[in-house]
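Reviewing the structure listed below.
Labels run A, B, C, D, E and F following the written order; every chain starts at residue 1.
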Amino acid sequence: MAIHIRVVTPITTQGFRISADAAPLESEGVKVDFVNIDTGPASIECDYEIILAQPGTVARIVEAERHGADAVVIDCMGDPGLFGARECVAIPVLGPMQTAMGVAAMMGHKFSVVTVLSRILPMIATQAAVYGLSGKLASARSVNIPVLELEKDLAATKRALIAEARKAVIEDGADYIIFGCTGMLGCADAVHEGLLKDGLNVPVIDPVPTAVNVAAALVRSRLAHSKQTYQQPPRKTVVGYTNIGIGVESRAAAE
Amino acid sequence: MAIHIRVVTPITTQGFRISADAAPLESEGVKVDFVNIDTGPASIECDYEIILAQPGTVARIVEAERHGADAVVIDCMGDPGLFGARECVAIPVLGPMQTAMGVAAMMGHKFSVVTVLSRILPMIATQAAVYGLSGKLASARSVNIPVLELEKDLAATKRALIAEARKAVIEDGADYIIFGCTGMLGCADAVHEGLLKDGLNVPVIDPVPTAVNVAAALVRSRLAHSKQTYQQPPRKTVVGYTNIGIGVESRAAAE
Amino acid sequence: MAIHIRVVTPITTQGFRISADAAPLESEGVKVDFVNIDTGPASIECDYEIILAQPGTVARIVEAERHGADAVVIDCMGDPGLFGARECVAIPVLGPMQTAMGVAAMMGHKFSVVTVLSRILPMIATQAAVYGLSGKLASARSVNIPVLELEKDLAATKRALIAEARKAVIEDGADYIIFGCTGMLGCADAVHEGLLKDGLNVPVIDPVPTAVNVAAALVRSRLAHSKQTYQQPPRKTVVGYTNIGIGVESRAAAE
Amino acid sequence: MAIHIRVVTPITTQGFRISADAAPLESEGVKVDFVNIDTGPASIECDYEIILAQPGTVARIVEAERHGADAVVIDCMGDPGLFGARECVAIPVLGPMQTAMGVAAMMGHKFSVVTVLSRILPMIATQAAVYGLSGKLASARSVNIPVLELEKDLAATKRALIAEARKAVIEDGADYIIFGCTGMLGCADAVHEGLLKDGLNVPVIDPVPTAVNVAAALVRSRLAHSKQTYQQPPRKTVVGYTNIGIGVESRAAAE
Amino acid sequence: MAIHIRVVTPITTQGFRISADAAPLESEGVKVDFVNIDTGPASIECDYEIILAQPGTVARIVEAERHGADAVVIDCMGDPGLFGARECVAIPVLGPMQTAMGVAAMMGHKFSVVTVLSRILPMIATQAAVYGLSGKLASARSVNIPVLELEKDLAATKRALIAEARKAVIEDGADYIIFGCTGMLGCADAVHEGLLKDGLNVPVIDPVPTAVNVAAALVRSRLAHSKQTYQQPPRKTVVGYTNIGIGVESRAAAE
Amino acid sequence: MAIHIRVVTPITTQGFRISADAAPLESEGVKVDFVNIDTGPASIECDYEIILAQPGTVARIVEAERHGADAVVIDCMGDPGLFGARECVAIPVLGPMQTAMGVAAMMGHKFSVVTVLSRILPMIATQAAVYGLSGKLASARSVNIPVLELEKDLAATKRALIAEARKAVIEDGADYIIFGCTGMLGCADAVHEGLLKDGLNVPVIDPVPTAVNVAAALVRSRLAHSKQTYQQPPRKTVVGYTNIGIGVESRAAAE
């Protein structure tokens, strides 16, 4: 039976992901589907929006396990809800930033993250610290294009990505590039080739496909996050999240 | 005019804080009041509950600024909503864990955090990493008493705190103790004296009073968090948090 | 066409790996085979033996690429020849220690490595430093059984592994266990269950199968080590390794 | 009764501080006074001068405790005598560099220190290491104006401070600025506004007022440095410092 | 002409060093002599006493250069005056703690320092941080014998040193031992042999002889401390140290 | 009797070292000789070539001990075979990179390494990590001249070294320079003077002479690498290195 990976897109913008996005992520023995969240922000570009996205994201991950998914990938480089969701389920939950940083740290000397807006740069350094990889982060850079405008002029987006990736390699000493927004899905080949033209043979990680493939590898290795650290939340009254029922007795706020 | 510090208790348990709790936190020229949140968990003992507490906590912090508060202290050692709230307001927002770690790092060589449950220990190490203080953390230890049971047998709680603090000093090399739960409010003197009886002259931080005093010091120094890092969130559609209106155009989920 | 992963066993002991060892490592779309080296030590238990194993190991990895392999996994936790081999080939080369540390760092808080002999413990700390993961290493521990005796009394080996893994979790704060020798292949389930009996729900990584699965994930993600860092060696005269011909003009020593 | 903070200026230049400097540092319930030292250098711009300033500074801090001060702030960013003075007294002793770094680390992502002379830059990096905050230091920069010439052309000093602070934010990634010399007292508002004109909303710490306010916060929290680490010096013969009598039996050198 | 190494003993106790102590430190082409200081503490066991020792120590080092010495070794593991003295002279100035830590870091995996009193332990960790070697420090331990009592019962001192060194190796993972007090001069062989009896083949550094030998090696390599960092102090009025004349115009305090 | 230091040049190029190279390395009581290896690469410019150089290098070091040498210095900044050779012998084995980094860390604030080719730069950062000195490495830079061409136009080589060293000091904050290739032997004075002309008083380490002098200092201090970490390899069958006989029973590959 095929491994089933559920990708949870933690924003409420309709049409950001379409069903045709799943097929390119599949491989032999691996089926992929997408869900998005009902409550939360239109896109994620700051810590406040991560906070708004997380309750719905965790609910979707709990639902994924109930639906029989073998693993979940969160579809945002802020990895919203990653640790809290791991508490609620036993199947592996992967954040694309943590996974991409982990892969880049294994296969290269230092990596850079090229993201959408400069306001996100300190958050990326904090993620590297949380994931124990501060010493492998060459730099974080931004193209200064908001998430929902990345596809407006895709050629311009790719040019901007190549320009910043180039600076990351030449000025910051990076030898691996990570996209800092899952909205850049599908641009990796173009950026890799753009760098090659300058004689820079530098791999470029498209984080969601990579995280899906690593998730399948973990399922095949019968490994998940450690439940010693990510223990099941205690049963407890929660007011106001009646749609989220894991490990808690919810009450509506008006109750 | 007095400095007004608002303490936001990020749980929904009624009576956890009472109005009499404010007076001991006040000092010359400083007025303190408490609010709690409407939606969220009964108490906070894991990352999942932090996720559930954060949207309501940020809303209360935005409200505090609108109410004219000069600074906000979050009343939970998980510092829920700290960075996201800083994005939404200009007045200083302090987390008691970050503040206590900062004070202990200044005034001692290495600190230990004594908290409620062992499941929280990795979260404390992660907080130290995010706050840039991993090298000052001697250890994290737990008394294995849930938050809402700390006051059931206060004498037993204090004995357990002294026992773990003692081990932190003797076995782990700590010279400063931080309480890992704001529910331990008011126990610092007893634990300090318990340690003194063993010849261990080790300061014990009661985090909420300390954070209130440091918040007033920042107000007097006209300093707040850096808005260069914690920039205002972009205006954006948010679905399902109609009670939270900062920087966003909210829509009800059912809308 | 199936992905072909070649596992290179960098020792000269015949029968250490048999052809039946490959099948359990295969999965849908992934074929695995083993080769060992002709020149080098009978087993690897110190840095000197790594030095003796490396030239033959790199030669086998160069040969694997010529044979059409899509990726190579080195079958020793010392990761002998890892960086030098990456210079010589374009297909991904994975060391099981680096891969296991990377996976454990992603999916847990801190990991411990349980290896064969205490003399290896400093080498493991050095590996963590080279791989940028010193901050995630809880401890390294040993069962004090030489590589070639691990299978003599397999039940005793498993008991020793469980005992050390247990101490790693309880005394050192590990929440993920990595086997420190690929000769422990096949013991992961027993150790995981042994820990579960003590209420410790801690994943145990069997490094070679995990590295094979991650290698396939990288191939599917079209990612390899960075050739920006691991550049092809210059063509150059080498004396005395006539059997190794990559990027060099070899000469026999007696020539 | 008011909290009494004594500020010890560790140089011998008369008129560097005047009595009017105290009032702006006071707040409700907090009284401040200044003393300077009798023996030591005219100003402090290198490690050698710190060495010459320290014995007199510690003597002044011991005297402050005897005079009933509740806390002491050292008036030099080299924090001369900080740890030794903490050994000699029980009241909190604060160094303005340690305090400013601690506050900046709490309220921002990374800080830069802008100081007088380039020769001091390595000393600032060493201070960050000693205080456990190397990871939060974005950079140290200098305006290349000696301490005792800062006030000669105050407008030029402010322009130079703004120019270096700007580079710290834009080139080095700082989001918080610390003055590296207490002789820059009173320039914080001008520098903050200069940065704002460039759209850089970055807090600027004036270290002595900030340290005075934090000292009062510690007194109100009944916290001081840990006497577990900063233990009272043993009674012991000292030759040649007859003016310094704490914990020692002094003898004149000529005796 | 022979290399002349001056050893400066930074305490005022007469007879702590005698002229016979120099000969064992000499080697082919290297002459050694000792001087002690006139003003300062009887011994050094805390930061306050380092402060009292430093002005006289620097004066002796300046004098050594004037006397034609080729290098100076400070005879105290607190390395009093090390950086300030380097500012004042061009000949190499070595601290025995920095040198011993540097040698141990080169020749072993992790070192432990065994010192006199437990109150010194945090100071040793701080030294490791300043010298950039925190990651190589396995532990600091103490025998709880004051400096001036080490020789009262030398056999007991050696037994205590062996006992703590043994724990450092077995419990803390050290493979190199550094004496934490130069008063332990001459005990290295006994401690090394004591460890060997337990099967622990661990080098023991006697810091002053080692620093003398390394100082000679630096002189032969024509290397000293970097004057780029340790720049000459500016000429400046100093009050009260009329006996110290380097780079300053001294004035007596009473003047 | 004189101390005998053997320098092992780990390449097979004849005439790279000549007998006249030994005399300048000698000092009172210290005799130096050179040997090169029989099997291995013509020069070392990547990790692959280190792998090829190591077996022969270790064999030469074992032979040196048998020949009565008191210490060995490896004549390549990649420190090939350093840890494995330490396992095989009891006399001190020094790598010039580790020694130079250790000396620079002691005598300066931060060092830079100026090497031959840019492809080596990540390897230098890895060496700093292995030696525990990442925090002291200001930068690694290259002149882009291959090892065997350094002497073709020695004036151009020196000019390139000065230019990169200058950038290391001014742009990267280095205050100590280390040559990254032992083929730069003899250029230190020229580079030091070149920097002095720009007012940069920065020491320049010529690594082989420095390592020889430090090796003699260790012999005089009766210190070597820790045999607790670098334990003798177990006796074991090795196939194919019949010329290397330490601790193993060798067999020819064809046997």
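Going forward, a residue touches a chain if its C-beta (ideal position, glycine included) is under 8 Å from a C-beta of that chain, and two chains touch if they have at least 3 such contacts.
The shown structure was predicted, so the numbers you read here are calculated from the model rather than taken from an experiment.
Asker: Counting one step for each move to a touching chain, how far apart are subunit C and subunit D?
Answerer: The distance in steps between these two chains is 2.
Asker: Starting at subunit A, what is the smallest number of hops through touching chains needed to reach subunit E?
Answerer: 2
Asker: Over half of interface residue numbers shared between subunit B and subunit D means same, under half means different, so which is it?
Answerer: Same-residue interface.
Asker: List the centre-to-centre spacing of subunit A and subunit D in whole Å, with centres computed as mean CA coordinates.
Answerer: Chain centroid spacing, subunit A to subunit D, equals 44 Å.
Asker: Taking each chain's centre as the mean position of its Cα atoms, how many Å separate subunit E from subunit F?
Answerer: Chain centroid spacing, subunit E to subunit F, equals 28 Å.
Asker: Residue numbers in subunit E touching 2 or more other chains?
Answerer: 109, 122, 126, 129, 132, 135, 175, 229
Asker: How is the touch graph of the chains shaped: line, ring, star, complete or other?
Answerer: Per interface graph, the chains form some other shape.
Asker: What pairs of chains are touching here?
Answerer: Chain pairs that touch: A-B, A-C, A-D, A-F, B-C, B-D, B-E, C-E, C-F, D-E, D-F, E-F.
Asker: Which of the residues in subunit B end up touching subunit D in this complex?
Answerer: Going through subunit B, the ones touching subunit D are 27-29, 92, 94, 98-99, 102-103, 105-109, 131-133, 135-136, 169, 175-176, 200-203, 205-206, 209-210, 213-214, 216-218, 220-221, 223-229.
Asker: Quick check: in the complex, which residue numbers of subunit F touch subunit C?
Answerer: So the residues of subunit F in touch with subunit C come to 12, 38-43, 45-52, 54-56, 58, 81, 83-85, 87-88, 119, 122, 126, 129-130, 132, 146, 229-231, 233-234, 236-241, 244, 246-248, 253.
Asker: In the complex of these two chains, what residues of subunit D are touching subunit A?
Answerer: 109-110, 135, 173, 175
Asker: Mind listing the subunit E positions that touch subunit B in their complex?
Answerer: 121-122, 125-126, 129, 134
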